[in-house]
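The structures considered in this document are given below.
Each of the next two complexes has chain A plus one more chain, namely chain B in the first and chain C in the second.
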Partner chain A sequence: MPSELDTRLFDPGRINLLIGILLFLAFLIINMLRARAGHSFFIRPLAGLQALDEAIGRATEMGRPILYMPGLGDMSEVGTLASITIMTRVARKVAELGCDLEVPCYDPMVMAIMDGVARQAYREVGREHDYKVGSIYYVSAQQFAYVAAVTGMMLRDRPAANIYMGSFYAESLFLAETGNLTGAIQIAGCDKVTQLPFFVCACDYTLLGEELFAAGAYIGREPVQLATIAAQDWAKALAIAVMLIVLLLTAFGHPELRRILQVS
Partner chain B sequence: MYLGPILLTFVVGATLIALYFIPHHQAQEINSELLLWATIVYAFALILGSVSLWSVHAQRIRQRISGWPFSLVTLFALLGTTFMGVAWGIGEESPLGRFYSMVNSPLASTMFALLAFFIASAAFRAFRARNVEATLLLVTAIVMMIGRVSVGEFIWRGFPGLTEWLLDVPNLAAKRAIAIGVGLGAVSTALKIILGIERGYLGRTR
Partner chain C sequence: MSPVETWIAAFLTLCVFSFLYRDNPFYRFAEHLFVGSAAGYLLAVQYQNVILPNVVLPITTGKPTPQTIVLTLIPLMLGLLMVARVSPRFTGPARWAIAFYVGIYSGIAVPGYMQAQIYAQLSDAVKPFAPGWGAVNSALVLIGLLTVLAYFFFSAPHQGLHGVSARVGIWFLMVAFGASFGYTVMARVSLLISRVQFLLRDWLHLIPMS
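And then the complex of A and B:
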């Protein structure tokens, strides 16, 4: 119905979200400028990421492959993008040490991008010819068919290290438990809160939530990347402050202020 | 070399963010159109996926790599389902539809049913009282399990209330803390990609 067509140029119900994004952008710019001015940022050590090198080294010594799983998310999932960032660093290390890397993919688009990322990593360390075509491959876009194929591969090939980074769903425990059964060193990072307990139970190291997104900057150690983590911390401090203020105001009889945290 | 893709990412990312805040019907039509483009790109990526699937499994069969008979089944299924879909369509009553509901769905359900056993083995490992944290987890799990079954109320009337409190207070607080961190991390990653700070998806490690 033409009369029902929305002709507004801005949704006022989302003004709080817009302010939040603009503030975050401001934090990002300020911290990037600080990084360029030579300010150093401290990031607490993340055991899971420190163990990545150990896992790759162990696989090289044992002569067994590393299994990298980018999760079941597609390219619209931020967890998948974070996984690709980590993969660039893992592929680089793998190329330097010369061990085998296997990346079974659930999404064909993720597979194509992972393949390009790995090729580029090999090229950067000057070992382009060592890259094995077919080491990054498509398995299935069916959740449990993917599980059956990957767990079967784990039991047959016995990879020395299993790295789970990205968005995982009900398959998380199947994969992690089977990997645990094979005795592989297991490192996981997931942005799905409901799947984290399963990884914590079955893996040696687990990156909890936001640590997955910080991983790229943590491994790369580039000042501008580290600045983005500082911006994230500022945003978190602001979120805590806003929540505390709204909580106190609600307790003192101003519940209507809770609306500033609601998005339409 | 990377300017083109970075610029394209910036334009598309910034446009989609802007469209989220503009409820105008024409803006939303553009949004729907862009999402349709993503579906079309995915369809092309599926061709790449099929080629990858074929080449990887054909190589395994040729070289008789461990587990090659499974690869044979995979390729047979790939060819068979493609033929059924092309020859008789993909409706619910078509051979492909029947194959899906009578073979694929029960197989997926069987796999899913195995989850109970995996949970049991993971729980067994997690609930070993090795230190204070693990003991706390064990005690909480026992309270939760007793409190969620009807006999729990007969043992002690407070069990159901205690389980509700555990779920709604400490559990929810931890979940929300992680969820807020994930949300901020996701926004940060998205902005880094849109602004060209993070270029990992282009294959750059430096």
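And then the complex of A and C:
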């Protein structure tokens, strides 16, 4: 018997998810208002991001390209969204310094978006005509065909810097290890916990998990963007508080409270 | 596998292995063959799985209703706008499709991520402690979660109690990374063994078939 189509506009089983999103939005708005009122936020330094400028500068001095890999995720991956934000900053710096940027893409949609983002970055620094059409290109949507092409390119073109930002899977070690062999400075940021060990081993700097999401706001150092990092921290503090309260109440005989954290 | 197929597979395997020495024409041949055949294969798959059922069949089979036509033409137009960006004249309209796509996927990603990565994690973390010695394991999981979260606080300096928690957190992370690394290296070695077995058994017949 075919299952009936759920036509409800509102699913009460997911109300806790809605409350979580609304709370996060409230944190975001409060911190943005604080930023606009002139509050300055402390954000601890992230070594991997500070090294980005160094890597781009090094590539410019050496006259070699920068290889930026946005990962294998599609647009539904939060890591890919973070990668697009970082790409904006990287492309702007590359445009300012005038070095070459190569972006081999796995997903055609990500390629189209990366291309748009890079063009915009070049336009913002007034160097629209320096943008090289074809520097952001589609390679393959087959995982190991992508690996074969990119590793071959690493050995042939010898980029001065390899930047891996996004969602990576089994290809992470192949790419990072080959990049390491070529002597390029390597900076990685990945939201896949299972792949982080390989980047930690083979790269000079690695953004661990959530550092990748904070990176886009961090690079810009604009108060409103830094406010989003503060909002994330408030959300984490709330999560810890909720967790400890529910745990304590569970220990004192109220296990049903766990349900507030379960989404249908 | 026929003998000809075995020989082709063995030749391509050796071509790829030659990368261990350095980049060379054999590796380049295998690389281009792989990328080219993957592109051709995926084009056929996309046509069969996306364009044929979503564009061609709804319009060509039966009598298309206005609803079918609209539901077919809107995504088709968005897709064509994406392709139109190859012409500088259409770069602007191409952004409409990209904006639509980014907006939709961001909307889908955020609640999904919150559910899978935050709520599911918290729900597991607040499970009652296991009885007996299992409580030690439960306590370790809880301490690990709290200290790793402390490491990921960006708007507070790693000083005092927070600094100690963050340092403990990074140790937890490194132990987890070490275990994951070892596990994956084992899996990769088993892949290598399977490839060497193919060369020695199926191709060279140096070891007996099991």
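Basically, the second predicted complex is superposed on the first by the 255 of 264 C-alpha atoms of A that agree within 3 Å, B and C clash if a C-alpha of one lies under 4 Å from a C-alpha of the other, contacts with A are read in each partner's own complex, and residues count from 1 in each chain.
One rule holds in what follows: contacts are C-beta pairs under 8 Å (C-beta built on N, C-alpha and C of every residue); 3 or more make two chains touch, one makes a residue touch a chain.
The shown structure was predicted, so the numbers you read here are calculated from the model rather than taken from an experiment.
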**OP:** Considering only the touch criterion stated at the top, classify A:A82 as touching first (chain B), second (chain C), both, or neither.
**Re:** first
Original post:
Does the superposition put A:A251 against chain B (first), chain C (second), both, or neither?
Top reply: second
Original post:
In the superposed arrangement, which partner chain does A:L5 touch: chain B (first), chain C (second), both, or neither?
Top reply: first
Original post:
Who does A:N16 touch here: chain B (first), chain C (second), both, or neither?
Top reply: second
Original post:
So, A:G116: does it touch chain B (first), chain C (second), both, or neither?
Top reply: both
**OP:** Report for A:V263: first if it touches chain B alone, second if chain C alone, otherwise both or neither.
**Re:** second
**OP:** In the overlay, answer first, second, both or neither for which of chain B and chain C A:E210 touches.
**Re:** both
**OP:** Once the structures are superposed on A, label A:V242 by its partner contacts, choosing first (chain B), second (chain C), both or neither.
**Re:** second
**OP:** Using the touch criterion from the header, give the chain among chain B and chain C with more contacted residues in chain A.
**Re:** B
Subject >> Partner chain in contact with A:A47 - chain B first, chain C second, else both or neither >> reply: neither
Original post:
Same chain A residues contacting chain B and chain C, which ones?
Top reply: 14, 17, 21, 74, 76, 78, 81, 109, 112-113, 116, 119, 139, 141-142, 144-145, 148-149, 152, 156, 173, 193, 196, 198, 200-201, 208-210, 214, 229, 232, 236, 239
Original post:
Any idea which chain A residues touch chain C in the complex?
Top reply: 14, 16-17, 20-21, 41-44, 46, 74-78, 81, 109, 112-113, 115-116, 119, 139-142, 144-146, 148-149, 151-152, 155-156, 173, 193-194, 196-198, 200-201, 208-211, 214, 218, 229-230, 232-233, 236-237, 239-240, 242-243, 246-247, 250-251, 255, 258, 261-263
Original post:
Which residues of chain B touch chain A in the complex?
Top reply: 17, 20-25, 28, 38, 41-42, 45-50, 52-53, 55-56, 59, 66-67, 70, 74, 104, 107-108, 111-112, 114-115, 118-119, 121-123, 125-126, 175, 178-182, 184-193, 195, 197-198, 200-206
Original post:
For chain A, which residues count as touching chain B in their complex?
Top reply: 5-11, 14, 17-18, 21, 24-25, 28, 32, 74, 76, 78-79, 81-82, 84-89, 91-92, 105, 107-109, 111-113, 116-117, 119-121, 124, 134, 137-139, 141-145, 147-149, 152-153, 156-157, 170, 173-174, 176-177, 180, 191, 193, 196, 198, 200-202, 208-210, 212-214, 216, 220, 222, 224-225, 228-229, 231-232, 235-236, 239
**OP:** Provide the residue numbers of chain C that touch chain A in the complex, in ascending order.
**Re:** 16, 19, 22-23, 27-28, 30-31, 34-35, 37-39, 41-42, 82, 85, 91, 94-95, 98, 101-102, 105-106, 108-115, 118-120, 122-123, 125-129, 142, 145-146, 149, 152-158, 173, 176-178, 180-181, 184, 188
